[in-house]
Amino acid sequence: MTQIFSSAADAWLRLLAAGGLALVAGTTVAAVGFARSDYYTGANIHPMSQPVPFSHQHHVSGLGIDCRYCHTGVDTGARAGLPPTHTCMTCHSQVWTNAPLLAPVRHSLAENKPLAWRRVARLPDYVYFRHDIHIAKGVGCETCHGRIDKMPLTAKAKAFTMQFCLDCHRDPAPNLRPQDAITTMNWKPDAKTPAASQLAAAYHLRLGEITHCTVCHR
Amino acid sequence: MTMSEAPILPRDQSLGDVTDQLARIPLHFPTRRRWLIALSLSMLLLTLFAVSVVVLFTRGVGIWGLNIPVNWAFAIHNYVWWLGIGHAGTLISALLLLMGREWRNSLNRFAETMTLFAVVCAGIYPVLHLGRPWYLYWMFPYPATMGVWPQFRSPLEWDIWAVLTYLTVSVVFWYVGLIPDLGAARDRARRRGWQVFFGVLSLGWRGSAVHWLRWQQAYRLLAALAVPLVVSVHSEVSLLFAAGTIPGWHSMIFPAYFVLGAAFSGFAVVAMIAIVIRSLFALKNLVTDDHLDILGKVLLATGLMTAYGYVFEIFDAFYSGEAHEIQTVHDRIAGAYAWTYWGAIVFNFVFLQLLWWRCARRSPLVLFLVSTSVAIGMWLERYMILVTSLYRDFLVSSWGSYTPTFWDWSIYIGTFGLFMVPFLLIIRLFPVIAISETKEVLHEEQAEASHG
Amino acid sequence: MAEPRAYGLLAEFDTPEALLDAARRAREDGYRDLDAFTPFPVHGLAEVLDIRDTRVLWLGLAGGVFGFALALLMQVGANWSYPLDVGGRPVYALSAFAVIAFELTVLFAALFPAIGMLALNGLPRLNYPVFAASHFHLASRDRFFLCVRAGDARFDPEQTAQYLGRIGARTVELVPA
Amino acid sequence: MTQRSAPFDLAAIRHRLTQGGSRQWSSVEELTDDDEFRRWVEAEFPAAATILAGTGRRTFLKLMGASLMMAGLAGCGEGRSDAALPYVNQPENAPPGIARHFATAVTFEGYAQPVLATVYNGRPTKLDGNPEHPAARGASDAFMQAALLQLYDPMRSKTPLQKGQPTTWAAIESMVNTARAQWTAQGGMGLRFVVGDITSPTIIRQLRTLISALPEARIHRFEPVGCANRQTAMQLAFGRVAEPVYALEQCEAIVSLDDDLLGPGPWQVWHAQGWAKRRGEMKPGEGRARVHVAECVPGLTGVVATTRLAADPPRITLLAGAIAARLGVMQGQSATLSDAEHQWVTRAAEDLDAHRGRSLFSVGAHAPARVQAVACAVNEKLGNVGRTVRYREPMAALEGGSLADLARDMQAGAVTTVIVLDCNPAYAAPAELRFAEALGRVPTTLHAGLYADETAAACGWHVPLSHALESWGDARAVDGSATILQPVIGRLYQSRTVPEVLAMLSGAVGPDAQALVRETWAGTFGDDFDGRWRQALHDGIVQEEQPAPLSLSARVPDIATEPAPAEGIDIVFRPDPCVWDGRFSDVAWLQELPKPLTKITWDCPVAISPQLADTLKVGNGDFVELAAGPGKIAGPVWVMPGQAANTAAVFLGYGRAVHRNLSHGLGYAASALRGADDPWHVKGTIRRVDGHRSFATSQLHHRMEGFDFVKEVTASRPTTPPPKPQPTLYPEKSPEGYGWAMSIDLDRCIGCNACIAACNIENNVLVVGRDQVAMGREMLWLRVDRYYSGDIENPRSYFQPVPCMHCEMAPCEMGCPVNATTHSPEGLNQQIYNRCIGTRTCSSYCPYKVRRFNWFDYRKIDPATDAAHNPDVTVRSRGVMEKCTYCVQRIEAARAAADKENRDIRPGEVTTACQQACPTQAISFGNMNNGDEEVSKRRRSGRHYVLLEEVGTRPRTTYLARWNDDPGGEGA
């Protein structure tokens, strides 16, 4: 009998085996990574197009308008709410009255058709998030929505994964601020700010009780 | 069993003949026509299976006859049934290897093969029966962005691990045992294609003394592990029920009861396959009537032990005096599904009694029929254990009933295709009987003979 | 003249007994670098050739320990990372974790020696000198081969070949490297 | 996975319900009968085809719903539209996504059912009894809950019709104008109105004005159930119409002759609350509220009765006579009573006698008028009048002729115009009147209704009416107080309210619904109109002087004292407990509500006594034919334990002729047998005919089989056996913080289904259709188990509501491999739909089988429920398990409110939907770690027990054993 395989065959076989293993391992790692990627979570990626190129940067840091001026529901209800066209027109009936950029707003008013914004920060429908309680317990806008005052066009700042929510629900203290700093952007605790633990106590946080399922899912 | 002394294989055959005979089966396949017919039939069943699964996944488990309270039926009970069948393969192979029962060697290869695909059929059911199978991966611990993990206290979670472990170990055990024979087949092969095929699969096995040494260590170690594994796997399957509070499930005897039942049904199927294969490939010289005789005895033994389980279950219920338990026993014996109970008794134990007679054990036909009835009987038993416990549990108000639908049946019958197709391919492509081990036995016997 | 580099000499025997006998004598006569190729494990061959190796078994033990540890780590870890009240059971329900612990113990106790066996045997090895030997295909049929490797101190193509012939080899063949 | 409301939903809903909705429905209708389509279905959905054969549109839609999943494995297909539409001009104090509540009312047989409507973004999602209103006190019944779904019912009439073809209001108005010229010319000669019972001051005012303007016009009253019979009785007794009002909270002894006081109907909540109050107040041994019932068809009152007697209709008369005689109201009777009857009469009479002024003798409104009249006399004699019963002017005050009169006149050709206001005589009228046919002889016929029903089909013209929740209007509740109806949602279709239609008839152009109502109340409110108007709208009740009760003295009519020669069987008629007289038969979700005593859904049986079943050799589902006079009906049998031996009961509300109505193809039309003079009872024959129909029931087995799921306590044994100590290997729960628990008092439960109804709506429980229920796949989170024990001729019956037990040692949680069901620190057994992969292990392990599974995608089956979804609760998709959550959305809402104010949740701040709806407060819910809460008190009570305690699951839902006032039937 003669050799069935050339001496190179073994090399190929081993190469193949190694390649196969590498592929499997690589795919696994890639999949786990992909689920966390900005591409998948939609965080920090290019802002989606809106009917009006509304600039938070201009309105917040430029004009210093408080978040609650437009998002009126934020401390009273589950939803922050988008401003009705009328809110826009309170100013824009005076300034930029016929700026082409604002045409959609004027049409909306004229034809009594809502502006069709596209939702930037959305949670899955089975997550029952309440803005008001988070505000009431001292979680600032910035914590979840990022430096909105630096966004000419609005983009999602954080990956709203369950892990993201859990991190804070397990240990809220580091993300707490005094009520007067809720809407402040780029807020840093200063000398007068009470320590995180004191804040947590002051807000009567039910630590360890806000991670069970029905807090968010019903 | 005293067979280890008496010769199990006819001695008037040389090592060479045996080698050629067995290695020829893949290389110069006999009975091509019958094999092709069998394969195409199996293919049909497999297609039926595929179609049913597509419908199932698109429409939902509602296409089955399930309801509340009977929200488990065919899927789970066929899962248990298939898994049970699988166990015999491992048992025969491993247990008897350890006990040095030579007669095993003629049976272990296809017994193990049978195990592999029985376990595949079993393993696919828990997936099919999910309401949302596309989230199956949630049952495995992986770093999820949800931060949630599987629930390791759940018998269902245990089962996933048990079955996957069992499948992996079975494959490894099967393959390790196969390597030397693949080598032998390679050396018999003349056509290039076959040479490469067996050459690669045999990993260049060359039967060096030191290789044999390590091979034997590994193989025996695997066998030693396989036995407790089998026991644990089916015990866990039984926990899937025993861990619930439902009367008729919540019982201490379940693990033993299930393992024995599993071996019982498994040996029956091994016997069936042995009989078919030996006639199909004319292996009467290797799978001898003595083998059948032994199988018959084993079948009888495990059968009687299972019967004990039945008796004890009833005793248990009345001994506990627990109203619901007694109610369940009553429902089993006289309820709407009494036919499953009595069916199980008849098919499992009545025909079985034939095997007290040697001639019956040694007659392929009789043994085959008895084995078939056992397979059916055990299927009925699983059905009975599931449905009769669920359809009437505690509250009278939630009593219900269950009737399998077309799709229940189509998927079950389809799994036969899922089992047969790969099985047929394997016996077409690989040596169905362990060559090296058979030769070892043969040589020992000849040696004994020559030394007087 | 230059010696062709050889792998060794391959001596063919008819029965395992003949092989054992030959191997024993070869050892007595001082051959050390011996190997044998047989269609099935021949009792006592390892002792005669003085091969001792239990690493495979130790690998089994290691695998078991590894699997057990991994299982416990996984289950305890999961419940530590997100402790949830499940049916009033304890968070670290070791009795419940035992099942999967057992499974993984068995799993790795099986995988380690299986893979280890191949690795120690240097398999897969598709191309190997002895395959070139003219009768070697019978090594998986009904012939038993004794091999004196070229590495042996007393190895000499002619003398050793004659020696093997003397101790009953049916054929002797020089296997090129 | 879910559907949640976004602002401006209303637009979307209106769009779907009109365009999308209607097209889908009509097409499905055409399609289901079309062979071409059938072939297509067989090709596309083989399984569908098999089930499709001979089933209605609902089944079909179910299959479509399931088959929608063909669109891939997107099992939890969230419609991931990222559109965000703000208001253009945000309404005053209506921030999006925040629920607002409006007090208004829905009407049932003309009576107001005062409700508090929960409204999200202009979309009512829940109705609850108005807590401020004495006739509701926060409680509700199934019909009140269902009104919401009727509002969104896509089958509602959407446009005016002329001869079945869509037309415009303009066309209607011009038609009316020409007609009116003719009426005025002839002073209304030949103009007839058909109305149901009407309590609305506005409508009454308008009709009276119309009549005074057209003196020859006539009003005919027709209420298929109603209490016309009772009015006749009052005429007999007092010589004038009157309406008796019972104060059950005053009654220590109630004797009811075939009067299902606690049964379904406009009075249910009122009576149930009164009875429960009395039942709760009394101490053991002090008689509590003893109820003695003799009835021919088992009713809810019979279930809670102290003693119950099954009596055929003729015997009822004799029993009345016997009781009257014993109390000296009538001269000595020689009625031949059986021993059982005699014993019952003795006990009843003694109890009445022993509690003069604190008792009530009541006879069913459908019993012969004379017998009812006797009851008036008896109560007077007992001094109950003014205490437990008072008489008042009927709320439905309109005087008018009967439908029989109208039929006669129409046949005679004396009628030129018939205007049918919000009732359906063509379907419900006794067949012998041949009403629809007669209607055909009338030149001008106009029907105004919520549906284009049988009458609409028989009329030349039809106009759609607005639903009460879309309407300005007014109505009076059973207690006599008025409620002003205000719209809580914009009109979905081009419909008008009854006042608007009447205004149109009297020539007003483009009438303003609100103005018409204001006009009515101008007088009552006087100056400061706006103030009182706003007050009335806010409270949901008009503060006004209630007229003093009438003081009347009863004459005693003579009634039969000897049994009439018995020929044939007694056929009695009853309203269906779920669809009533058929007015609710298109509400899918009421169709699926299990009927209290039979647990049948989507169907209408002929209930016969076990004795009859035995003689006929029939079982449940076998067909029988009932014949009386010319009329015949055939229907499947239900053998009703405890029904009077010679009685067969047929139910109204089914066998609808309107093809698109859900009841089409279900059951029979009882009107075929009904007589015009006595619509409640006929003598007839019954025979077995071929055919069998298996019912879709939510409970297959009703006999308790010797188990004690429902425990009873008696005066001699006033406590349940103390719980056995249950050792456990597991860590004990700490009694810190909140420990949510529910306690259900089986002594108060009357099985009225209000809790189920409320639960379904609050928690978006989906309709699954008849076939699925038949397979045992109903979705009810809370079921009311019905058991009976004892002999089947006159068994003892029990109700037991079973929600999730929220076990502390929950077997289900242990079974779940993915942590989809876990335990909250506060003791909730949480079910997380979006984590569930559907292994169903939890349900297999559940000893109470309270878990429900989405076998298919049920979301698309019933568009009505679609629009009514509660935005705070996930709508479950295919393949996930669901179950009672203790209304966790309410708990979390309360917690958010509390946390914002840094306080604890107050006792009673969280109420579950079932608890809120229950008219008898059988259900209490709260924090069991706070010893002062009702639920903790109940858990300490002697009657407290745990269902299936031996299983050791430690449930948080527990029960209070039922009182048995009459152990062994030998008197207490």
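A, B, C and D are the chain letters, set down in written order, and residue numbers restart from 1 in every chain.
Throughout what follows, contacts are C-beta pairs under 8 Å (C-beta built on N, C-alpha and C of every residue); 3 or more make two chains touch, one makes a residue touch a chain.
Owing to the predicted nature of the structure, the values given are computational and were not obtained by experimental measurement.
Enquirer: Of the chains present, which has its C-alpha mean closest to the combined C-alpha mean?
Expert: Given all protein C-alpha atoms shown, the central chain works out to be D.
Enquirer: Report which of C-D and A-B is connected by more C-beta pairs in contact.
Expert: C-D
Enquirer: Between subunit C and subunit D, what distance separates the C-alpha centroids? Give it in angstrom.
Expert: Measuring from centre to centre gives 81 Å for this pair.
Enquirer: Return the distance between the CA-based centres of subunit A and subunit B, expressed in whole Å.
Expert: 53
Enquirer: Whole-Å distance, subunit B centre to subunit C centre, using C-alpha means?
Expert: 30
Enquirer: Please compute the C-alpha centroid of subunit A, do the same for subunit D, then give the distance between them in whole Å.
Expert: Measuring from centre to centre gives 47 Å for this pair.
Enquirer: Going through subunit A residue by residue, note those that touch at least 2 other chains and give them in order.
Expert: 1, 4-5, 10, 13, 166, 212
Enquirer: Mark out which residues of subunit D touch at least two other chains, giving numbers and ranges.
Expert: Within subunit D, the residues that touch at least two other chains are 811, 814, 816, 819, 822, 824-825, 835.
Enquirer: Touching two or more other chains, which residues of subunit B qualify?
Expert: 147-151, 153, 157, 186-187, 199-200, 204
Enquirer: Which residues of subunit C touch subunit A in their complex?
Expert: Touching subunit A: residues 82, 84-85, 124-127, 131-137 of subunit C.
Enquirer: Subunit C touches which residues of subunit D in the complex?
Expert: Listed in rising order, the residues are 728, 730-731, 733, 807-814, 816, 819, 822-825, 954.
Enquirer: For a test of understanding, state which residues of subunit A touch subunit B in their complex under the given definition.
Expert: So the residues of subunit A in touch with subunit B come to 1, 4-5, 10, 13, 32, 35-36, 41, 159, 161-163, 166.
Enquirer: Which bits of subunit D are touching subunit A when the two form their complex?
Expert: Interface residues on the subunit D side: 1-4, 7-8, 78, 82-90, 95-98, 737, 822, 824-825, 828, 830, 832-835, 872-874, 885, 888-889, 891-892, 896, 899-900, 902.
Enquirer: Over in the complex, which subunit C residues touch subunit D? Could you list them?
Expert: Within the complex, subunit C contacts subunit D at residues 82, 84-90.
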